[in-house]
Amino acid sequence: MNGWILAATVELGGGGAAALWGVTTGPVARRVVAQNLTTAALCPALLLLAQGYGRPAYVDLALLLALLGPVGTLVFARLLHEDLEGRRPSAWGLTYAVAGVGAVVVIVVCAATGPGRAMVKLLVIGALLIGGNLIASRALSGGFQGVRGG
Amino acid sequence: MSRRLRLWLLAVGGAGLAALLAAACLDLPGFGGRAHPYGTRAVRASLARHTANTVASVNFDQRAYDTLGEMSILFAAVLGCVVLLRQARDEHRERPRPAEVARPVRRYALLVVPVALVCGLYVIAHGQLSPGGGFQGGVVAATALHLLYLGADYRALERVRPLGTFETVDALSVCAYLVLGLAGVLAATAFLANTLLPYGTFDTLSSGGTVPLLNAAVGIEVASAVVVLLANFLDQAVEIEEGNGG
Amino acid sequence: MTGVLNLVALLLVAGAATAAVAQRDPARQALVLSVLGVLLAVLFTVLQAPDVGLSQLAVGAALTPLLIMLSVRKIRRRGRGRDGAR
Amino acid sequence: MSALMQVLPYLVAAYVFLTGCYGLATSRNLIHAVGCLSVCQVSTYILLLAVGYRSGGTAPVFSDIKPGSRPVVDPVVQALTLTDIVVGATVTALLLALVLQIVKRHGTLDPDELRELRG
Amino acid sequence: MDRRTTPRAVLLAAGELLAWWAALALLWLVLITTVDTLERVVGASAAAAGALLARAGRRAVRWR
């Protein structure tokens, strides 16, 4: 119907299928990375959907995903760190690529929104998304060294 | 019953159920149809009472009694968890060793905890205007607190989380919901009827009569319930050990 | 166009649900369940239910995985304590 | 395509329910069974929201659109689903607490071994 | 006089709280769409709660 929804469909189909494949196969280390990248792949899709439906109120979903997605990854990084020890899961190339896609989507949606409070909100979401994603990747690749009992 | 027999029984029952479900699906009104009689009436009632978010209006005004039931299920489930996970006589507590978390992760946690709390409060407060409400915002606000466990260690979380207070607040907010309902009776209408307060200006924080108040009560209840719930699980997973201790 | 979007979201959710059942190890299942939670939130947005999507996001992205992983940790720790005592 | 789309969401809901049931019945780990039960719950959410959907409709939230300017989907089913998701999470927690108690009392996570214990 | 009640420590604590409060109140203003008095009051109290939690969290993590 419009380009925004088409872009969201592509992002959802590609990112969702890749994340699903990554999280169901392979060693635990790779599955955790895929779980982390789910957030980064689907949050831009939510932003595109909000723009495509013409409903600024839907942006709250992207805000919460950008906040809580990294928290979910930290849960696994913390409570699975014994399984992850030895082979540090890191896919920095992929992480930066997905973060770049997120940044591009945020900038394009910002340009479509025009200056104002809504644009600042989008920028806050972008900062939370990319920052959270990088920190979660950092946590997976050895953020919890000395966690034993706690 | 052997494992094989059980699988066969499951296959037969599953096939029967699948056939029935498929037949039922084919008889349902088509996906995306135009006729939604209840929806149309709910939207009209919500607009008449100046509530911008119809879903919140259904939850806290038109079907507020139902939400009272949901709240009591939530309360009972948390109560059950507290009883099941309490420290038994043959168990003791052991202080977990402090964790060493990488500095960027710790700083991220410290920065995001207040941001997530404010976002949770925003979702609760704007429940009757934009998507959101007490149920969602309460979970977000409670999850925010647990970033302190994930980004630092359990002792840091315990310092900022007075568990007794959260248990009391949980009970008090359930009472607040009931009292707001009874206030409707005292105002000579009906239990949980939205006739107590003026409906206010459409699309502002004070619109919708008692909807924002009930919404806030649910938000506080859900937030403290989740905190109490996770506290019990964390105690079990981190502190409580078997045996009476040395 | 919206029909294709609905189709993609529904198929992804069906796939994630199958995967969540097929993972027999609780920790790996928790990983799939958290992805399923986020995919469901997107499906609910596509079905024009942002309130429900928010609810699913709040619960599915962090709370359910945390509960399951804490239970797994408790059971693993208990097993370790048993082995140590023996 | 459109004839299939008329029933596909309901069929997906039924499929998810049956898959969850299969996982529940064949599970050898109680925590895994609790996860499968939450998959079963998901099917009810999909079914309810699919019943309430309306083609071309938008969310019945009027903070950013004018009332009556666009067709809206059914808010009643959304309200039902919304509360159940959060309440369902606490019920999952209650089940996990029961599992932890079972492990403490019987020392096993396998439902088959539990039956043998009782005799 | 305790170390935590010296004028310098009190000033530092007040500064930290105020900085967090200002930042979070700004965040609230970004999140909302229409601004009125009640909105400002609710936003200010939410930001105050956030600021208190931020300071409590930072102190809890630094002690150990």
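Note that the chains are named A, B, C, D and E in the order they appear, and that numbering of residues resets to 1 at the start of each chain.
Going forward, contacts are C-beta pairs under 8 Å (C-beta built on N, C-alpha and C of every residue); 3 or more make two chains touch, one makes a residue touch a chain.
None of these values were measured; they are calculated from a predicted model.
A.B. asks: Common contacts of chain A and chain C?
C.D. replies: B, D
A.B. asks: Among all the other chains, which ones are in touch with both chain C and chain D?
C.D. replies: Touching chain C as well as chain D, we find A, B.
A.B. asks: Which two chains have the most C-beta pairs in contact?
C.D. replies: By number of C-beta pairs in contact, the leading chain pair is B-D.
A.B. asks: So which chain is farthest from chain C, going by the mean of the CA atoms in each chain?
C.D. replies: With centres defined by C-alpha atoms, farthest from chain C sits E.
A.B. asks: Of all the other chains, whose mean CA position lies farthest from chain A?
C.D. replies: Taking each chain's C-alpha mean as its centre, the farthest from chain A is E.
A.B. asks: Give, as an integer number of Å, the spacing between the C-alpha centres of chain D and chain A.
C.D. replies: Chain A and chain D have C-alpha centres separated by 24 Å.
A.B. asks: Measuring from the mean C-alpha position of chain D to the mean C-alpha position of chain E, what distance in angstrom results?
C.D. replies: That gives a centre separation of 39 Å.
A.B. asks: How many angstrom lie between the CA centroids of chain B and chain D, rounded to a whole number?
C.D. replies: Distance between chain centres, rounded to whole Å: 16 Å.
A.B. asks: With chain centres defined as C-alpha means, what is the inter-centre distance between chain C and chain E in Å?
C.D. replies: 34
A.B. asks: Got the chain D residues that touch at least 2 other chains?
C.D. replies: Residues 5, 8-9, 22, 50, 52-55, 58-59, 61, 63-64, 72-73, 78-79, 82, 85-86, 89, 93, 96, 100, 104.
A.B. asks: Which residue numbers or ranges of chain E touch two or more of the other chains?
C.D. replies: In chain E, the residues touching two or more other chains are 27, 31, 33.
A.B. asks: Mind pulling the chain C residues that touch 2 or more other chains?
C.D. replies: Within chain C, residues 2, 22-23, 30, 48, 50-51, 53-55, 57-59, 62-63, 66-67, 70-74, 78 contact more than one other chain.
A.B. asks: Under the stated touch criterion, can you name all the chain pairs that qualify?
C.D. replies: Here the touching chain pairs work out to A-B, A-C, A-D, A-E, B-C, B-D, B-E, C-D.
A.B. asks: With touch defined as at the start, can you tell me which chain E residues reach chain A in the complex?
C.D. replies: 27, 29-31, 33
A.B. asks: For a test of understanding, state which residues of chain B touch chain D in their complex under the given definition.
C.D. replies: Result: residues 3, 6-7, 10, 14, 17-18, 21-22, 24-26, 28-34, 36, 38-39, 42-43, 46-47, 52-55, 57-59, 63, 66-67, 70, 73-74, 77-78, 80-81, 84-85, 88, 126, 129-131, 133, 135-136, 138-139, 202-203, 222, 225-226, 229, 232-233, 236, 242 of chain B touch chain D.
A.B. asks: Sort out for me which residues of chain C touch chain A in the complex.
C.D. replies: Going by the criterion above, the answer is residues 1-2, 4-5, 8-9, 12, 15-16, 19, 22-23, 27-28, 30-32, 34-35, 38-39, 41-42, 45-46, 48, 50, 53-54, 57-58, 61-62, 65-66, 69-70, 72-73.
A.B. asks: Report the residues of chain D in contact with chain A in the complex, numbered from low to high.
C.D. replies: 58-59, 61, 63-65
A.B. asks: Report the residues of chain B in contact with chain C in the complex, numbered from low to high.
C.D. replies: That would be residues 53, 55-56, 123, 131-133, 135-137, 139-140, 143, 146, 226, 229-230, 233-234, 236-238, 241-243 of chain B.
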